[in-house]
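Reading through the structure tokens given below for one structure.
Labels run A, B, C and D following the written order; every chain starts at residue 1.
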Amino acid sequence: MKIKIGVLGASGYTGADLIRLAAVHPHVEIGPLAANTHAGKMLAEVFPHFAFLAPMRLVKAEDADWAACDAVFCGLPHGTAQDLIKELPASVKVIDMSADFRLRDTGVYVQWYGRAHAAPELLSEAVYGLTEHYRKEIPGARIVACPGCYPTAALLALLPLVAARAIDSADIIIDAKSGVTGAGRTLKQNILFSEAGEGLSPYGVASHRHAPEIEQEIAKAAGAPVTVNFTPHLIPMSRGELVTCYVRLKGSAMAADLRACLAETYAGEPFVHVAEEGVLPATQTVRGSNHCQIGVFADRVPGRAIVIAAIDNLVKGSAGQALQNFNVLFGFDERAGLQQLPLFP
Amino acid sequence: MKIKIGVLGASGYTGADLIRLAAVHPHVEIGPLAANTHAGKMLAEVFPHFAFLAPMRLVKAEDADWAACDAVFCGLPHGTAQDLIKELPASVKVIDMSADFRLRDTGVYVQWYGRAHAAPELLSEAVYGLTEHYRKEIPGARIVACPGCYPTAALLALLPLVAARAIDSADIIIDAKSGVTGAGRTLKQNILFSEAGEGLSPYGVASHRHAPEIEQEIAKAAGAPVTVNFTPHLIPMSRGELVTCYVRLKGSAMAADLRACLAETYAGEPFVHVAEEGVLPATQTVRGSNHCQIGVFADRVPGRAIVIAAIDNLVKGSAGQALQNFNVLFGFDERAGLQQLPLFP
Amino acid sequence: MKIKIGVLGASGYTGADLIRLAAVHPHVEIGPLAANTHAGKMLAEVFPHFAFLAPMRLVKAEDADWAACDAVFCGLPHGTAQDLIKELPASVKVIDMSADFRLRDTGVYVQWYGRAHAAPELLSEAVYGLTEHYRKEIPGARIVACPGCYPTAALLALLPLVAARAIDSADIIIDAKSGVTGAGRTLKQNILFSEAGEGLSPYGVASHRHAPEIEQEIAKAAGAPVTVNFTPHLIPMSRGELVTCYVRLKGSAMAADLRACLAETYAGEPFVHVAEEGVLPATQTVRGSNHCQIGVFADRVPGRAIVIAAIDNLVKGSAGQALQNFNVLFGFDERAGLQQLPLFP
Amino acid sequence: MKIKIGVLGASGYTGADLIRLAAVHPHVEIGPLAANTHAGKMLAEVFPHFAFLAPMRLVKAEDADWAACDAVFCGLPHGTAQDLIKELPASVKVIDMSADFRLRDTGVYVQWYGRAHAAPELLSEAVYGLTEHYRKEIPGARIVACPGCYPTAALLALLPLVAARAIDSADIIIDAKSGVTGAGRTLKQNILFSEAGEGLSPYGVASHRHAPEIEQEIAKAAGAPVTVNFTPHLIPMSRGELVTCYVRLKGSAMAADLRACLAETYAGEPFVHVAEEGVLPATQTVRGSNHCQIGVFADRVPGRAIVIAAIDNLVKGSAGQALQNFNVLFGFDERAGLQQLPLFP
């Protein structure tokens, strides 16, 4: 059985990674690929690595026959995404990789995105697409709002611990590191090779838009509002993301208890792996794959622990998780199309 | 139908890339993985990106039951390979990624490798595994001697042109560039991150062992002995290989004629692609895939042209081509297990 | 006036960077360069970038005339350093870039280095060479124990704040990131280009030997024992180090107060720069130079702040600071030989 | 003695590297820094690594008092350079790092740059600034047209050999490799980190504007028109350039003769070094410095040789050579301000 899909935002990195994976997915038929600036061009002009696929032409969003699609993946920038998604036929399932339907509270949306939400009525049809934690709610949803890349890694590491009351939700520090694709393909000076290479820097300190998304989900698990420290850094690599979470243990919990809690939560999960004691997560270990690797370490500071998670920001952090949600939505094996092993080196 | 395979040299990069691809190949069952230094360790200790596969333990070559295998892939260093391959049961097909059975002339072998060949009697059972040019001879062979990475790129670009007498086989210059995985995983100072990064240098100038291999095949196509210039360079990237071939046109041939000759030769090939005029081959375009991209350019120097080919050195240049040969050997669709698209970025 | 120097450990990266800077220092005459494994080789064989200096031959430590030197820089690994330093003539000033004379407490040394200190009697002649904080004690010392690279960045950022009681010394988390030269030039698999490139990972979690050094100095400023969280990460770049310090404010202190405290402490310092509000420290900004850049940021979590410092691990984190201490020791302008601007890009 | 300089194009990489070097040059006083788009900003906003210099503000070219300068360095793009240079007071020496005054033949200029030259009358006042070959003509010139980065490396390697009739000027192939700074700081998709990283590609095949410049100088040495093959490649590193020149020997010349010819030509030169037999030039060896390293290798193809030169494209290939010419122009030691050793690693 084939599901016909379309893509909004086919000329960005997340759109491209979705196409890369979807093109060899056993249950996907690729339909319209929309990308307004590049509309009219062949996909392989915009992304030469698609030269080995059958030729496909990019179209304008308004020229595509979305009603012929069963599902549409959206890789547009926030803001633009909601404007186009609200125009899609109601029959079409939407798997949104943008930030537009992640925040449940439109007030928080305004505060962080500086504009009113254009389609608040759709929020009730949306589910937060952190597959491992929302698997049951996804099949009935119209829109799956896939988490941001940082929230994916941070929440997979922290949610079970907060829910189990093993860590103090009021004292969470997330030092995050991302490869440069996280900044997208839009031309900006700081992501030029000669600027981003051979060096690293923090960015978005105390102001990155993934913070409220992380807080929304941790608060839900904690049953109380939370504020987390979230500090991202730009690392000279293309793909990969690692979060180093500094947490305070509750009660008599020890690092080993955190590890056991995570291991139990994710036992049987195809894509989330809790490393044995002493194994260091690394982005190299997950590159190009939908896997997430989590490690737990005792801190020398009494009462504290360190929880580290690594993902590929474009796969588990975006297009791969989107396809995982697609599989859940349409009743396929969750691993379909996602069984490629990490590309190392 | 599943074919049981074993691997000799599972702890090197080519062995690992073979396992990466074989693990998701629809017709492969992975059997013994031999790696003498690391024997006894779990595969995932040696290569953490295999943590997401079922656990497999590395064994000593002498402890493996090779007779239970239908095929054995060999990713050992030259020299060691022939010593172990000659001990394998005659029932086992051998797909050798080492250099040991590539040179037909044992005299040339001695000259370049500094030792007598230990299994000359097996050479008659071996075929040179440049799939697109030896496809018909592979099914009957006992040993498939997969080409070196540089010869793969250079020969795919040049063989049809030499065979068609479109270029002068006596005036071929191959300026080659490779990522650092080409040097293997053995500890050497020049491949440390801080030595190889942020810089480039030539190496093996007029002395690289891929030269006689290239010459053997070009001479065969030319019907006369040839000496080529082959100058490799180490590039600060992990994967990827690009050869820039400077050639002299014969008769009235033009660059466009070369392109047409290549396009005709490779029409219908799943993995070799002749780019349209003006499209620049790049290693980014083929990374992680079994594809080879070839471009032809007119030179400003009258009577000359430039032929450029890009591959992933570990895939089409080694493990991918090995699996492609496996598919041919066992009658599978040549693309089986090799349809992953390039990983870009 | 020229001071004759020698170098112990001239074949490592810190030794080499010391030579790079010393060779153009106006008051330095380079004497014996010792490097046991490579003894007998020319310096330019071991480090090709010294091909443009007058030829110098590496010698064995026991063959050098150390008594003819005024000062000896030591870039040896810990353990080896103390064994050789104790054999040097008492007339020679020692500027030690190893870890051997940094810890005042030999018990702590044993605990972290797993061996008894071989020259405890010399500890009383040693001063901790964090120039900006020990400037007055350096001229009278026989041995200047230059801080580790991480301690240099972390202590420059934190010491004034702890001393001013502006932050809680019991709640300090230091997430540290270093380029690969930090791991030295010794052959190890994890620092091969293909292993360390295009990815990042933590290492030495809760076990890195720079932790007790940081704690020693913070405890001294705090007047009480402290345990800090110190978690280093290996970043795919050659040079550069950045520490992101998560701190809890004391009393009514605000981020701006921390910035003011640091700015006042380092006013007039030639090499430590407190960035204006909003300026993000980056290792690119200091590469190849002796500068340290510090930024302070308010956290969204009430009562917390983020202090970030960037240095070049081989310069301010090692050889540059060593030369700065040399300048102090011999009464030269502290900037002598260190005025090269950062190499960007 | 201090010479007051100004800079046109202070916000590009060549302008910045000129400032980096000039700021510590013993005979330079930095005057107006012009950069139209960024005029009004502080230099350190545009290039954070200048935060450690005294604050300087960028100005519009028309607002600067050029008459107060003794010399003006120009790092503007071609076309713009000539328009502004012709407006400078006649009293000012111009050291131009752009392409505008390199080609002696305005017809060739039109052909390659697609516009008529706007200041042909100034060409007679200009000398080609390849210091080692035009040293005597520089002091009397008004304008020093510094060579392009690729021509610098290629001509240093080839000019003496052509002049000595040791190689055939009609059969020269230059395979060139450059770091990404060679493409400038202007925003272009192909130089984003995620596009240029972990891969390489040729560009400007048979159409790069450095070809006519190389040909102009080789023709002059050969005494006859020449066409060379010049094929550049973009390498994933920020700085560095290496040319691999494939040449045909004339008469009975051998590789060793070429080496001897080059060694004799450059004996005593402070910045051009002919490597001993077997030493491989590498860009790492010259990074950040004004040095050029040249190696000569026998080819296995009879009658051919390989000549390889490495430089830092922003230093010897641009700003460093410009300062070297400044030193010649004003009678300083040619090494003044250029004695920093290469930054390795």
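Note that in this section a contact is a pair of C-beta atoms (placed from the backbone, for glycine too) under 8 Å apart; a residue touches a chain by one contact, two chains touch by 3 or more.
As the structure is a computational prediction, the values presented were derived from the model and not from experiment.
Of all chains, the one whose CA centroid is most distant from that of chain A is D. Chain pair with the larger contact count among A-C and C-D is A-C, by C-beta pairs in contact. Centre-to-centre separation of chain C and chain D, using mean CA positions: 36 Å.
Chain A and chain D have centres, each the mean of its CA atoms, that are 45 Å apart.
A separation of 38 Å divides the Cα centre of chain A from that of chain C. Annotation for chain B: residues 13, 179, 181, 194-195, 197-198, 236-239, 282, 284-285, 287, 345 touch two or more other chains. For chain A in complex with chain C, the residues that touch the partner chain are 173, 175, 177, 179, 194-195, 197-203, 205-206, 211, 227-229, 231, 233, 235-240, 242, 244, 246, 280-285, 287, 297-302, 304, 306, 308, 310, 345. Remark: chain C residues 13, 16, 20, 23-24, 47-53, 181, 197-198, 238-239, 273, 275, 279, 282, 284-289, 291, 293, 339-345 touch chain D in the complex.
Only residues 13, 179-181, 185, 187-189, 191-198, 236-238 of chain D touch chain A when the two sit together in their complex.
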